[in-house]
Every structure is written in C-alpha cells, then in structure tokens.
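In what comes next, chain A is part of two complexes: it sits with chain B in the first one and with chain C in the second one.
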Partner chain A sequence: MFCLLGLAALLAPFMTLAANRIVAGEGITVWQLADTASVLPGVLAVMAGLALGVPAGVTRLRLGGSILGLAGLLWLLQQGTPALLEGAGDYARVSPALGFWCLLVVLLLLMADALAAMAPGPLTRGALLAGIMGALLVVLSSDGLAELSVLKEYAARRDAFGRELVRHLGLAFGSLGAAAVIGFPLGMLCHRRAELRSAVLPVLSFLQTIPSLAMFGLMIPVLGWVGNTVPGARSIGIAGIGFAPAFMALVLYSLLPVVGNTVAGLGATPPAALEAARGMGMTPRQRLLRVELPLGLPIILTGLRIVLVQNIGLAVIAGLIGGGGFGTFVFQGLNQTATDLILLGALPTVVLAITAAIVMDILVELTRRTPEVSR
Partner chain B sequence: MILRPLLIALLLALVLRPEWFTPVFAPLAPEGGPVIYQRASLLSLSLSHLGLVAAASLAATVVAVTLAILVTRPAGAAFRPLSRTITNMGQTFPPVAVLALAVPALGFGAGPTLVALFLYGLLPIFENATTALSTLPPATMEAARGIGLSRWQRLVRVELPLALPVTLTGIRLSVVIALGTATIGSTVAARTLGEVIIAGLLTNNTAYVLQGGLIVGLFAVLIYDALVQIERRLAARIGA
Partner chain C sequence: MIEIDSITKVYGDETAVDAVSMTVQTGTITVIVGTSGSGKTTLLRMINRLEEPTSGEVRIKGQSTLAVKPHILRRRIGYAIQGHGLFPHHTVARNIGAVPELLNWSRDKTEARVDELLDLFSMEPAQFRDRYPGELSGGQQQRVGVARALASRPDLLLMDEPFGALDPIIRTRAQEDLRRIQRQLGSTIMLVTHDMEEAIRLGDRVAVMDAGKLVQHGTPAEIITQPATDFVADMVGDVERPLRLLSLIPLSDLVEDGTADGAPLSPADSLRDALSACLWTGRSAVPVVEDGAPLGRVTLDAIRARARAHT
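Moving on, here comes the complex of A and B:
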C-alpha cells in the first residue's frame, strides 16, 4: 500500500516555482526538476526505498527502505532547487509541493511502522530521537537547502524565530509548571475527599470544553481588569493582551489532565500494596510519598504528556492576542497569504509537539515499576 | 441541573436578541465605538459555524466508523498496527497547525476549515470505535454465533449497538475539538463565530470579544452536555 501511494505521489508536482513569495507558483514534476542525470539517482533511491517497504514482516528492510527513500527525497530537493532558481529572477521562490509532502509522509509512516514493529526499549528510542533531530539540524543548516523558500523566510527572520521559539517554549512549559504546582496538591486533596473530587472535576472538564479562541478572548477583559485595578499587577506584566492572558488560558486548560490523572494515578495503587504498607505501620503521609506516588507516577506523567502536547499546539493561538510564539508567524502568514511564513510557524510547532510526545512517552515508560495490569 | 435551561436561555438571547445586552457590554467597548456586533447577524454566523461542525463531524463519523469496522475484521487485521501509528502521530498534530497547513494546499475559505475539521475529527472517533469493537464481551459474541447469526447480522445487531456508547464518546471529543477549531477557522476566512472574536481583537473592542467568546463557549458546553446525556441514556439501555 505504501508503495502504491508513494508511486502515485511521485507523479504529482514535486516542487513549485513562484515569481515571488505571494503569488501561487506553478507545479513542477520530478522529471522536469533538472537534467535527467542529476534527478535519476534520487528517483531511483525513492523507488527502491518504497520497494523495500513492500515485504511485510522484514522490519529491518523496511526501516532501511524508509531511510534510503528519505535520502532520495533530500537529494532531489538539493538538485532541484538551484536548477529551478537558475535564471528565474531575484525574487523567485522554490518550495516543495504536494508530491514531496506526500512522499515524506509515506516514508515517515513507513519508518514509524517499522520502528513500532521493532519495539525498541525506552533508551534506544531516546537515542534514535536524538539521532533524527541531529540529522534534521544538519540537513536544515546545510547550504544545499538554504535557497528553499521556507528557509529563506527563516533567514530573513532569524532573530525573531529564536525569540518566538523561546516564547513558545516559555508558554508551553511555564503553563505546565504552573498547572503542576496548582494541580498536584489539588489532585491529592481530591484523592482524599470524594466530595471535593465530585465538585472539582466537572468544573475543570467544563473549562476544557470552552473553545480555545473564546478562552483566550475571555481572558483579555479579566486580566485587563486585574491589571487596571490591582496595584502593582501592571508592573509585573499583567495586562489585557500579551503574554499574561495566553499563559492564564493555557494553565486553565492544563488543570483537568493534571488533576484528573493525579487522582487516577493515586487511586490506581494495587490494594495489596496499600494493605502491606499499612501493615508495615506506615503513616498516611509515608504511604502517600513512598507507595502511592511512586506507583501512580506513570499515570501522573501521562497527564503531563497530554498537557504538554496540547499546550504546544494551543500556544499557537497566543499569536492572535499578542502573546508571541510561533503563532505570530502563522497568523502573519495567513494575513499576507504568504504560505512559506505559515509553514515557518506551523512546521516547528508540529515537530515540537511530536518530540515532546515521544520524550514524555519514554519518561512514562522509565517510571513504570509495576507490570502492566491487564484489565 | 437547573443551570441547563438558564444557559440555553442566555445563549438564545445572546444570539437572537443581542441588542438586549447593550448596557452590559457598553462599558467594555471603546469610547463611542459600536457595542454589539453588526457586520453580520449573529444567528447566521452561528448557523454557519454549527453547519461546518456538523458536516465535518458527520463525514468524519461515517469514514472513521467504516475504517474501524474494516480494521477489526480478520481481513483488515494487517492494517491495525499501522492505523494505530497514524492515530497516535496524528493526535499530536495541533489542530491549529492542521488548519494552517490546509491553507497552502486548499486556499482560503470554508474548504480548508472543513477539511481540517474532518481530518482531525477522524482520529478520536476511529480510536474509540476500534477499541470498542475489539473489546466486546467474548460471551456475547459467542452467544451471537451460537444462535446462528451471520457475520453481517452479528455486526449490525450485536457489535455496533454494543460499541455505540464508547464510539459516541469519541464523537463527542471530536465535536468539541471541531467547535473550537472552527472558531479559529475565521482567520482563514471561513464564516464562523470566531469572526466576532477576531474583529474584537483587531479593533481592541473587548465587547465583541466577550460576545463571541460567550456564544461559542455556551454552544460548546451545551452540546458537550447534550452528548453526555445521550451517552448515559444509551449506556443505561445496554446495561453497561
């Protein structure tokens, strides 16, 4: 199936050439990228990679195939970009098109599928992730791709990109931290008192339901009012627009997964373990710290994973209310109909979200001490 | 809950008779600026918003449930690991990013919003439907086979009804996400309630922001609540 999809994608336009960054470009198929001699190795590599993915079961072969195919894609981009730009004018932009993205997705899925079948341990996965990230950095910073439209957009905004990256991470991790500080004690209290639990959890899931743009919007008058009336609030940066409302909205969204999973994690302690702890004469506090918390840690961390991935995505909306982050690029790009600028905001967000998900999955696995209970 | 009729009344009033709220919102509007959103009727925006969500969710439900049925048949078992990889990876994609990435491919307007809502909506429904269809009580399945039901009859009369509550949970998740993402769809020129919030943000008019935010928020909460009620009824009927 991969092979068929991939071959179909090879026929679609591989790159587009546009006169400048705003107008729509014309699609160019693989064969027209450059002279046959320089295109052929790339096409062959992609086809061979797809062909290696055909036999099910031989996972190593499929993994190798996906790597070979990705290398072929890279080769095609590197060969195609300068060849297309030659004599196309100063403002011409070359960007990958439908064919490239489809092939990329197909090959990445092939890779993910092969890796999932091999089921590597947490440490191997960490090493793999680091390797892939390293390779990505090397590829992106190499000269061969610097002429590509998205990277030109990056070069023009190098400083802003760094600033928004820090802002984005600050929003996502900062709100995670704040939610953890509020959520853990709340979760522990809820674990102890059933009546508190039945009062708090519905409110939090109610908050989670509110659409993100509405939530960000509703934070503006609230924090604007706080900034105007509470003395000193304005001087620490609390105001109607900017970082503060975005941060608040993200914290509110984060509370449900943190509190909910803390309650679930503490409640999931096997009764036998609790009984043993009580029998050993542990005080309730010792039981919490030495038994319930360590055993519940994977579930609590899963809550943090949900929050982190969710917040990295939601932080994009902060761009609309002046809160910074990659959303700034996305919405600027949407306003100027500059596709490359949209991509410059959206692609790093996606990469960040997926990286965060993988890293948190590894952490969850590392903290799991009890064997998986089959239900 | 006595809260429910109150919220419904508030929502209806906000959408149908926005001018009633002029005194409430007036202090928030800029000096001399408009208080109530006039550029389009809130009713038509709401209908267009809900229409988008309904169309996308309906299509997503049909496709996702069909796919879930296929991968839980013996013939489709080979695709299960792959489909799980796709759903896991897909759900880490931020909805906003899906929307933003749909624009280069499809242009502006309702089209990319619909596609983004549809694609993103597939995942939770597919995941829940697959889980539900593959964790049916073995005894029931055995009994169905024992009374001589054909495979098709088993699917339609036993498996699908039993899987319905869990599948509905997936549909609910997907609808709530779609409602939120559709709001952001107004940044790519889809006609949704997000328009009111964005207009407020651009002109520094907090009254608009609050109106749009309240209406969208109320819709989301009430629809969520309605779907939860339906799920409870169904679950009670099945006796789960």
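Moving on, here comes the complex of A and C:
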C-alpha cells in the first residue's frame, strides 16, 4: 500500500525551480532533474528501497529498504540541485516538491514501522535517535545541498537562526520549568485536599480551552498594564509584547497537564499499599517520597512530555507578538510569501518536537522499570 | 502483655467501639471476630493509632500508646492487611526490609533478617529476594506481607483479615503456617476476622464483637460450649457446635488401650478427624500411631461421650 503510494509519488514533481524566492516555481519530475546517467542510481535506490519494504514481517529488510530509499532521495536532491540551477539565473531557487515530501514520508513510515516491530530497549532508542540526528546534521552541512532554497534562506540568516533556536528552546523549556515549579507543589496540595482539587482543575481546564492566538493576544494588554504601572517591572523585561507575555501564556497552558498528571500520578498508588505504609509507621513525607512519588513518576513525566511537545509547537506563535523563536521566520515568511522561509521556521520546530517526544518517552520507560502488578 | 482499657470510638452520633476492655497475654493469638460493622477493625486500628480513640487507652508492656508519636508507635507494631498492600515498585527483599529501613538497621542486619524470614515462610531466599510483588502468586504475596509485618520483631502483630483474599485451600495452608511461625517465634498476635471457623482454628483466645461491644472473650472451647449471648451462639452455629468442639480436642486426650483396624491417625489429629474417619469407613474405633509406634485406639463411643460432656 505504502509502496504503491511511493511509486506514484515518483511520478509527481520531485523538485520545483523558481525564478526567485517569492514567485511560484514550476514542477520538475525526477527524470527531468538531470541527465539519465546521474538520476538513474537514485531512482533505482528509491524503487529498490520501496520494494524491500513490501514483504510484511521481515523487519530487517524493511529497515534496510527505508535506509536505501532515503539515500536514494538524498542522491536525487544532490544531483538535481546543481543541474537545475545551471543557467537558470542568479536569483533562481530550487526546492523539494510534492514527490520528494511524499517519498520522504513513505520511507520514514516504513522505517518507523520496522523500528517499532523490532521494539528496541530505551537505551538503544536513545542511541538510534542520536545517530539519526548526527546523520541529519552531516547531510545538512554537506556542500551537496547548500544550494537548496531552504538552506539558502538559512545561510542568509545564520546568526538569527542560532539566536531564535536559543530563544525557542528558552521559551519551551523555561515555561516547562516554571510550570513544574508552580505545578508540582500545586498538584501535591490538590492530591491532599479534594476541595482544592475540585476548584483548581476546572480553572486550569478553562485556561487550556482558550485558543492560543487569543491567549497570546490577551497577554498583551495585561502585561502591558503591569509593565506600565508596577515600578521596576519594565526593567526586568515585563511588557505587552516580547518574551514575557509569550512565556506567561506558555506557562498557563502548561499548568493543566502538570497539575493534572501530578494529581493522577500521586493517586495511582494502590490504596492497600498506602494503608500498609501508614500502618508500618511512615510519616506523610516518607509516604510521599518512598511510595507515592516513585509509583506516580511515569504518569508525572508523561505530563511533562505533553507540556514540552505542546510548548515547542505553541512557541511558534510567540513570533507573532515579538517573543522570538522559530515563529519569527514563519511569520516573516508568511508576510513575504516566501515559502522556504516558512519552512526554515517550521521544519526545525517539527524536528525539535519529535526529538523531545522520543527523549521523554525513553525517560518515562526508564522510570517504569518495575514489572506491572498482576493483581 | 497488651492491656486495652475501656477504649471507645465515636463517629458523630454513632459509637463504633463501646468501652472495650481486654488483656492479651504475650505469646498468644487473640482473634477478634464479628460481623461487618461490629467495630472489630476499628478496635484493631485504635491499637496502632491508625484511628485515634475517643476515650480510653491501650498499654503495651505497661506503657500507654498515647505516650509516643503515632508513627514511632507503629514501627513497633507489625501490621498485615487484606490484599497484602505490598509496594509494587520494591523487590520482595526491600518490601520485607521496609520497617528495618525506617528503623535505620544496618544493611547486613536487614539482609540477614529478610533471608531468615523468607526461610521461615518456606520461600527460597535466593529465588525470591529480588522478585517484584507482581511476579508472585496470591499466596506468596500474602506470605511476604506477613513477613514484612514481622521483620522488626515487633512487640505485637496486628492482622486485619489477612487471609480474606485467598482461596480456601491456600487459606488453610496460610493459617497453618501462621500458627507454626507464631509458636516458633513466640509472637503476640491480634487478628480480626469475620470467620468463626478461622477464629476457632487459630485463636488461643477468641473475642466476639457485636455492635461495638465485646460480648465474650474466652478460649475457643468456652465460646463453643458456653456462648454468652444468642449472638455468639449464632456465630458459632448451633448445628456445628459439637463438630467445632471436637475439632479442638486432640486424639491424645482420649486414647485408650486396645487395637482397631484400618488406617491409623496421629495423636495430634483432632477428634473431628477421628469421627470423620469412623463414619466414612464404617468403623467403631480408629488406631492411634505416633511415629510408627502404636499408642492404642480412640472409639466412637468415647468421642460421643466427650461431645456430650459439654452440652
């Protein structure tokens, strides 16, 4: 099924060639990329890779096929880029098109499927992730792709990219940290007192339902007022636009998963174990540290995972209110109708989010080392 | 010695435990038996102050339990509950060593104690030490739960329906184990159950609770032969009283000279076992043999006479 889709994608335009960075380009199919001799190995590799993925159940074959296919894609990009640019003018841009993206998705799905079937342990998965990231870095920094439009946008904004990356991570991790600092104690209090729980959780749920654009918008007048009236607030960076409102909004969004999962995690202790802990003379603090927290940790970490992935995505919108991050590129790109600039903001965000999700999953699994209780 | 001195627990308008007094001798098993809502569990939980008494007090070796902080008190009192309450994220060894850990025992001392207890409960230490509770059978989990309660050699072991979650065959075995281990260690145990059969089988003393009051406290034989109230008689079950009584008396009490045919019994078996054997095989007497040496016989007539002597 996927392989048929992949073959069909080979027929679709593989790359686009545009006269400059703004106008829409024309689609170029695989065999028009360059002369047949240099295109053929890539096409064959992709087709072979897809074919290897066909037999169900043979996971090693499928994994090998996906790697072969990806190498083929890379080859085609590297061959096609210089060939298309030759004599196309100084401002011409080439980008991957529908066919490339479809093939990429199909091959990645094949790879994910094979990896899932092999069920690697948490540490193996960590190593795999590091390997894939390393390979990605090497490919992107190689000369062969430097002429691609997205990477040209990158080259033009190398300094800004580094700055916005730090900004983006600062927003996502900083808000996670702040939410954890506020959320853990709040969750523990809610766990102890049912009446507090029934007051706090609905409020946090309500915050969660505010559309993100509206939330960022709401922060502007609120923090603007604070910045203008509270002495000293402005000097520590609190103002209607910029980092502070974006940060605040992200923290507010993070509170529900953190508090909710802390409450759920602490409540997951079997009642009999808690009763036994009390009966053997543990103090409330010892019960929390030795029984409730270790048993709830996987659930609490799952909450942090939700927050981290969600915030990496949401932080893009911070670009709209001057909060920085990859959103800056996205919104600049939207204003200039420069698709590749949008991609320069969007693709790293996606990669960051996926990486964060995988790393957090590994952490959750590591804390869940004890076998599940059978009864 | 544990002295319970007119202890009372009131919830709102309701008196759950009403001025209960009793004394528990060191090295004995006292079984508190009653229907649900009789206050038996509340009584037990007031001893280690999981419930604070409204009035009255408990003294262990002459010291009031109110004199120490509850969590310090509880580390001296073993506590085993229905459904074992083991910590699913800790190994068997760590579960059993939980109270020694709270008491800051040295690592070596705790490890030695854990192995000793696993041996005592017929669980091979090397095989079970590092397993998790989820990997054990129900009976094994229950044994680990009791071993954990005994780990720090507590002055007193409280057990709240400890065998409630076990199926009948495993339950009988667990009861025999408990009896054996209690004899071996000389522990003082207070156990709550709703099962009179269990109370009679395990208890040196049986305390019957009804509507928050202690209605009778005595030996199993006294409870059976001289029930203080109709409620106690109901709990024992009128029809089964003679059989319950016979089950308390060993053959060694009635053995007489003479011979009998058929499969022999041991002097430690009960008169109930002998009666059952007689009825089943149509004999009027059974031979009694100890370690291969014949001691004599027990006759059906003698059993009948013994049963009647109490009514």
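FYI, the second predicted complex is superposed on the first by the 368 of 375 C-alpha atoms of A that agree within 3 Å, B and C clash if a C-alpha of one lies under 4 Å from a C-alpha of the other, contacts with A are read in each partner's own complex, and residues count from 1 in each chain.
Here is the rule we use: contacts are C-beta pairs under 8 Å (C-beta built on N, C-alpha and C of every residue); 3 or more make two chains touch, one makes a residue touch a chain.
Source: prediction; values computed, not measured.
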item: Contacts of A:Ala272 with chain B and chain C, given as first, second, both or neither; value: second
item: More chain A residues in contact [chain B versus chain C]; value: B
item: Which superposed partner A:Thr349 touches (first chain B, second chain C, both, neither); value: first
item: Partner chain(s) touched by A:Gln286 [first = chain B, second = chain C, both, neither]; value: second
item: First (chain B), second (chain C), both or neither touched by A:Leu109; value: first
item: Which of chain B and chain C A:Ala357 touches, first, second, both or neither; value: first
item: Complex contact set, residues of chain C against chain A; value: 48, 50, 70-76, 79, 81-90, 98-99, 102, 132-135, 138, 141, 145, 148-149, 158
item: Touch list for chain A against partner chain B, complex; value: 56, 98, 109, 112-113, 116-117, 206, 209-215, 217-218, 220-221, 224, 240, 309, 312-314, 316-317, 320-321, 327, 330-331, 333-334, 337, 339, 342-343, 345-346, 349-350, 353-354, 356-357
item: Complex contacts: residues of chain B adjacent to chain A; value: 28, 78, 81-82, 84-86, 89, 92-97, 100-101, 103-105, 108, 176, 179-181, 183-184, 187-188, 194, 197-198, 200-201, 206, 209-210, 212-214, 216-217, 220-221, 224
item: Parts of chain A lying in touch with chain C, wherever the complex brings them together; value: 270, 272-283, 286, 290-291, 294-295, 370-375
